[in-house]
Structure formats: C-alpha cells, structure tokens
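Next come the structures, one after another.
In the two complexes below, chain A is the common chain; its partner is chain B in one and chain C in the other.
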Partner chain A sequence: MTATSAASMAIQCEGITKVYPHFQLNNVNLSVEEGSVMGFVGPNGAGKSTTLRIIMGLIAQDSGSVTVLGNAMPEQQIAAKRDIGFVSEDMRLYDSQSIGFHMEFIRSIFDSWDDNYAGQLLKRFDLVKNQKVKGLSHGQRVKACLMLVLARRPKLLVFDEPTTGLDPVARHEVLDEMISTMEDETRSILFSSHNTLDVEQISDHITFIYDGNIVDSRDKESFLDGWRRLRLEIKDTPQLFDFPGIKDVQQSGHLAAVTVSDFNDQLLRQVESTGHKLLGTERMTLEEIFLTSVQYARGVSQ
Partner chain B sequence: MSQSIVRQLVVKDLMIMRNFVMLYWLGGFLSVAFVVLASGEVASTIGSILFIAAMAGAGVHALFQTIVEEKIKMNLPFIMSLPVTVREYTSAKLIANLLIFGSVWLTLSAASFVVFVGDDGMPVGSMPFLSIVLVGILAAYTVMLTITVVTASQGYAIFATVLGNLGLQALLWYIADLYPVRSFIGGNEAVWNTTVVSILCIFIAAIVGMLVLAVVLQFRKKDFI
Partner chain C sequence: MNINFILSQSDGRAMYLQIMEQIEQRVAIGDWPPGTKLPSIRALAISLRVSVITVKRAYLELERMGVIVTQQGKGSWINDSLDLLSLQRQELDGALQKTAELAKTLSLSKEEILLLLNPYFE
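For the complex of A and B:
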C-alpha cells in the first residue's frame, strides 16, 4: 500500500511512538486505503487499542504523524471525527437512558444522521427504541453502539474488538452489518480483533501487531498465499535451513515442517536444490499464520 | 472550540440529571418552608441543615453522576468518539455542573433571602453572614468541581467532597467568631463592613481561580482516556 498516494488513504500512520512505563508502541507504520477493510490483529496487550486511540485522537503520540481522512491527528480531530464512527468493546452507553435518548443525542450532533436507516437497523438488530440501556445484554449494547455509528453514515469506521464477548448469533449479525456497510465503496473500515476468523472473513488487508511492533502488514490474499508449511524429508541431521522467510521449523528425525512467509516457485526450486525431498506444501489458516508470526516475533525480541 | 457540541453535551447532562435536580429543589424549598413555618431555634437549625444538605446533594450528586460515573462506567469513550476535544468536554462539564448546582444554589439562596426579608423573627443583621455562608458554599463547590473535573477519580472526588464540607464548616466557624461579623449578626441592621466585603471578595476570587485552574490543567492534557 505504500505506493498508493496519500490522498486516497483513509488512515496513514508514519513512525508513531508512544511510551508508557510498562509498554511502548514502536515506530508503527499503518496505512488503510480508502474503500478497504483493514483487520488489525494482535494478542491482548499488543498495542491495538493504543494505536486505535491515537488514530482517534484520544491520546497523543509521542512522535510520528497520523493523518485520518486528510486531517492531522490529534490537532484536527474535530474535523476527522465528524466522519469517523468508533465502536470499542469497552464503550458503554448511559445505563439510565433509553436507546431513543442516545439516538436523539447523536442526531443533535450529526447532520448526516439518517432516521430511516436507524429505524432499519433497530429492526434488523431486534432493538427496542424505548428500552433502557441497563436492560440490554452485551450483544444488544454492541449492536446499539453500531446502530448509533452507522446511522450517521461515517466515511471511516474504526472498531476496537467489536465482536469480543458476543455470542455466535450476535457476532454474525455484527459482521454482516460491517460487510454490508462496505457496499459504499468509499467507506473504509479499520477493526482490531484477536479473532482471526472474523478478520479473515471481512478484511482486504491484515496487519499483525505484537508487543508494540508491527510484525507484518499486507493484503489478505498475499498473507494466505505467501504463508506455507513445507513438509520435508531431510537428507542429514542436524540440518540448518537457509531459505528466505523461514518463520518456524519443527524437526523430528528426518522429517521437518518448515513454515515460510514468502512462498513462491523459486523457493520450491531452492528447497529441491538442497537435496531435501519435498513431501508436500500446506496452506495455513490466518490463525496459524498469526500464531506463528507472534511466536517468531517473540523469539526475535528475546 | 465548537459551541454547538458543547451545548449538546451540556443538554445531555441536564437531561440525565433533570429528575434529581427536581428532587433537590423540592428538598431545598421544603427546608426553607420548615424554617418559616416551624418556630424556634431547633426548627431553624434543622431547616438550615436540610437546606445545606439539599444544596450539597445537588452539587455532589451531579459531580459523581456526570463526571466520575461517566469515566467508571466507560461512557467516556462513547463521548470522546464524537467530534469533541478535551476543551469541549471540559467546558461542557464545567457549564453543566455549574448550571445544575447554580440553579439549586441560586433559587435556594433567593428563597432564604426572601424568608429573611419577610419574616420578622429573623434578625436582619445576620444577612451579611448568610451571604458569606452562601458564597462560601459556592466556593467550596468549585473546589470540589475542579478536583473532580481534573482527576475524574472516585477517590479524589470523595476527598474533594470531604475537604469542601469540612473546610467550609471550619472556615465558617472561624468567620462567625470574628468580631466585625459576630457583633452585628443579632442586630436589626445589615452591616456590610470591610471584613464582610473582604471575605466575600476572597470567596469570589477563589471561585474564579478554581474555575480557571480547572480549565488550564485540563487544556494541557494530551491523553484523555
């Protein structure tokens, strides 16, 4: 995505750093193209929420630049936030008030509020306008937040673990709605999750973050095509493998499983030229790719 | 700073607090009525305690509900995801809380002055001291408001409440014992001498100072959540 001009970027973070006493965000570069869905994946405490809060202007980066919808953050956050819809897993509406109260409140702030669409979403999410928030389940609360955000039709949606803690039905509804919002091709989504299934389902691009560092960032197909597990019968033991992009090696006797992140035909020829017998190549799920990436990053950092 | 968003945030807090404000108003008016209708020193003392309790209740309740709970119950990410900066948020909180407390304070203060003017049993000489008490309550409230807005912490808010109440009571005991105040309290004429005016000016300066301090400290914040 680096080749794309800044003008068509919904989000562009360059070298952002944030230092806390026990955590540090290091030189984070992250770009989200207009009209795309970026899945932001990392374990708990990796820096996902910190990054998203910097992007939202809720906290200020120590260094580096953040541009959201053409606005420098956090300086121009008012202009940016007019067009951003943000939902986070820990966000709560006012318990003592009804969904209708919140709808009126949001409508009073945003001219773009679409009453018809809000009504459709209420029906689709099975929400009752007069119901007090304190009577809602966690899934209903997330859906209410989503409704409040979507009905004002923002250009950019930023979701911080929106599906965490949801039952499968609610999760499905939330993801479906996220997908349907992308019918508008100019709309972009950045959403963080540690659920790789959700990310795999709706993302165009995926970024892995671990321990405050971006581990990998590319489009989904490139991730799924590039990562392979090679099953090898090796000619000698112990064996040092010297292929590019090796992320993990599991060896048992003459059998080895080598995980690579940049699989291609040239790599296959290179493997065969070493005299090892290639027993097969396996595609990996995003979860396996994520876990291997994290383990690799952990090994590198230690 | 967007005045429109500040207005919407203030309206939102007033709507959330409206039922409680009504209750505190009602309690305050009942306390004034109690002073008027029941005779004797005991009735007057009970009425005064109820009167101050209604005012303190309105102020403290609003601070906890609109600032502390908003943070504890994670409403803050919802609000800060809107086109709001720390400046707008702080301004809205100061305005909303001053409106909530101020409306109760103003109406109850007015009611108590009306009682003094209209009731023959009340010595007019105590009106300067009553003014000191009322402005002192407002000053103590702004201390609580500033500490709560700046820290948004339950612990500090409780500390501010205790500090405000005890500090004000101690100060009022001290002021009531000052000769230029004490010697005119029971008289038939309200004497606005230099001591009384100076104390009122110090309280008003403290009110303005605390509000400015809240704004300065909040506007310097880079991280808000």
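For the complex of A and C:
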C-alpha cells in the first residue's frame, strides 16, 4: 500500500482501546482515505457503534489516537463536527415538530445547508415538509435524519446502520444518495451495516469487527479475490491440508470444500503439491466471507 | 455517451469483470470505436452505482489488455490501435480454456468434446 500523508486520511484511528464491564474494544485500527467509502461490518455487540461514537468524540477512548478531518478527537470535536454528518439509530427528533422545523433548525446552525438540495431530497425520499415527526414511520424517520444531514453536504458522513429496517425502496433511495455524494472526491463515507449486499456494492474498503477486535480490513477487491472456496477430491494420502489461510473445511467422503482467505498463484501450487485433486475454485459473496470469518474467530477464541 | 450497463449482483461473476465485458462488447459491436473517450472512473462508478475501486480495477485490467489507454490528467479512451480481432481471439481462448477445464472435471475426452461441438456448427 502506498504511503499517504495525514492530510488525505479523513479518519485515522490507531490503537483504540475502550474497557467496559462486559465488553472491550481492543487495539482498534481504522483508517478511511479521503474520497473513499468504508463499510464497517460486524455482528451485534461486536463494537461497531462504540467505535463510531469514539470517532465522533461522543465517547472518549481509554487509549489510542483518533484524528478526524485533521482534528484530534475527542478534544477538537466541535471543530470536526462542522464537517461531519452523523446518523445513528438513536437520533432524536422533536416529535411534536414538523420536518420543516428541523430543516430550519439545522439551517440556522450550519452555513453549508443547501436548501435546494434539501428540497430535492424531500421529493426523492417522499417526505412531506410539514408532517409532524410523531406521525412518521420508522423508515420515514430514518430518511428524515439522513436528509437533514445530507443537505449540509458535509465532508465526512458517518452512518450507523443507515439502511437497517428500511423497505427495499427506501434502501435503494438511501444508497443512491450515498453514492451521489461520492461525486465529490473530497468527501468520504464511513458506514456500518448488516446488509452485506449494500456493503459489497458501494464500499471501496471493508472492515470486519468481531468481539471488540478488528478481524480483517482490506479493499473490497482484495477481499473478493482473496477468499475462495476450493473444491478438492481427497486422495487417500495422509497428507492433510497444509497451506496457509485455511478458514474452514467441509468434508464429505472424498470431496472437500476448503475455504481460504488469501488465495493466490502460490497457494494454488501448494494445493497441487499436496496431491489432492483441485476440482475448481469459487468466489464467495461478502456475506459468506463475513459468516466464515465470524465462525473462525469464534473457533479461535475457544 | 449512453451508459446503460446491465450489471447484476446475483450474477456470481465479479462486478469488475462484468463492467469490462460491457465495455468490450460495445467496442466489438462498434458502438464505442477506437478513440472513444471513456467517462472518468468516478463518473462511471456513480452512474453504475458501484464503488470507485471496482471501476478502477476494470479500467486497470482493460489497460493491461490493451483495450483502453489511460493518461494522467487526460483520462481514458478506447485504444486507437485496438485490434478487435485479437480481442475476440482472446475471448475465444478463454472460452476454450474453460471448456477444457470442465471437460476434465467431467472426465470427457477431447474426442467427446469435439462430438459435443457439432450441433453448434450446423
């Protein structure tokens, strides 16, 4: 990977640790290059939300450094937040007020508010300006929060599960708007999601977190290239599978499906030298990669 | 330039390969003749609703194959001196290789494959 100066990293987390009574973030490293999209994937309770909150300066880390848009967090969070748009599940809006009220409210605080764009988003997201928040469905509420953030055109978007709980149409609308922001190469997105299809589609870089630890972090193409399912016909030799990066083995009679995480030509030759017959290799979806990673991480920790 | 690529996430084939194929097809049928300026990586990514890195990869591989030419600051375009014939031969080569691999896994001989080919040449 080529060296990048601090100036071109939208987010840089090094050695983040946070200890809670029943949960711990361990030595988390996370970097988001300016102009890129980072997908943050992990099961519930893995530490996604905690990490995002530390990045936003809402929680202070116990150790490690966080720099967001050149600002040290949490010390310089006020300066940082001018240019960050944060949306998470527990965003609170004023129930008795209208969407329009919130638009005015945000506009009064942020210079970068683009009223025209806000109007377009209202249409795009099928929201009614003078509708009161308490009358909105979950999906509409999420879209309203996203609209309020997107209309400011912030340099950095930090979204905690932006499409969770949305119907397919709403999901598509939200993803579309997220993608559109990338037209500006100075803007970046960090988003956490359960939806591996969405992550696979729009992320440049993907990070897996499990049980408070970063399990893997690579650019998307490397993930999809590196993880393969090898179909082997097992010869009756005592030679077991002795090549690196094996994450799972499913054997049935003389057939085996071996999942590897670092597939390359060298590995191919090592497989051939074991004497077993390679029947074929298959790429895996991000969902399968994720599930296998978690399974492996669980097995390792036992 | 009309960019109406049909891409499928459920295709099973890598997204960057699908993008490459769509570009190659347009070149092969003459819609994007040699010299045609390609959209920027970022612009294509936005219109295809995919990540920048995926389009970047497609462009890199196409450049490696000699289908497109990229110049810093100028963008990319379909190679002026593109040999369509050799491109199609490359495709055929790939298909033949796949056929041979499948034949091996099915334990079919070369002669059996030739027999199977007959109906397609009628």
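Remarks
The rule is short, and it goes like this: the second predicted complex is superposed on the first by the 297 of 302 C-alpha atoms of A that agree within 3 Å, B and C clash if a C-alpha of one lies under 4 Å from a C-alpha of the other, contacts with A are read in each partner's own complex, and residues count from 1 in each chain.
The rule we apply is simple: contacts are C-beta pairs under 8 Å (C-beta built on N, C-alpha and C of every residue); 3 or more make two chains touch, one makes a residue touch a chain.
What you see is a predicted model; the values in this text were computed from it and never measured.
In the overlay built on the shared chain, the residue A:109 is in contact with chain B alone; chain C does not reach it. In the superposition on chain A, contact of A:235 is made with neither chain B nor chain C. Contact with neither chain B nor chain C is seen for A:129 once the two complexes are overlaid on the shared chain. Touch criterion met: A:88 reaches chain B, while chain C stays clear of it.
Contact with neither chain B nor chain C is seen for A:138 once the two complexes are overlaid on the shared chain. Once chain A of one complex is fitted onto chain A of the other, the partner contacts of A:200 are limited to chain C, with no touch recorded for chain B.
More residues of chain A are touched by B (comparison of chain B with chain C). Shared contact residues of chain A with chain B and chain C: none.
Residue ranges of chain A in contact with chain C, taken from their complex: 35-37, 175-176, 179-180, 182-183, 185, 197, 200-205, 219-221, 224, 279-280, 283.
The touching residues of chain C, counted against chain A in their complex, run 9, 12, 14, 16, 42-43, 45-46, 49-54, 57, 101, 105.
Residue ranges of chain A in contact with chain B, taken from their complex: 53, 56-60, 74, 77-79, 81-82, 84-88, 90-97, 101, 105-106, 108-109, 145.
The residues of chain B lying in touch with chain A in their complex are 2, 4-5, 8, 11-12, 15-16, 73-75, 77-78, 80-85, 88, 222-225.
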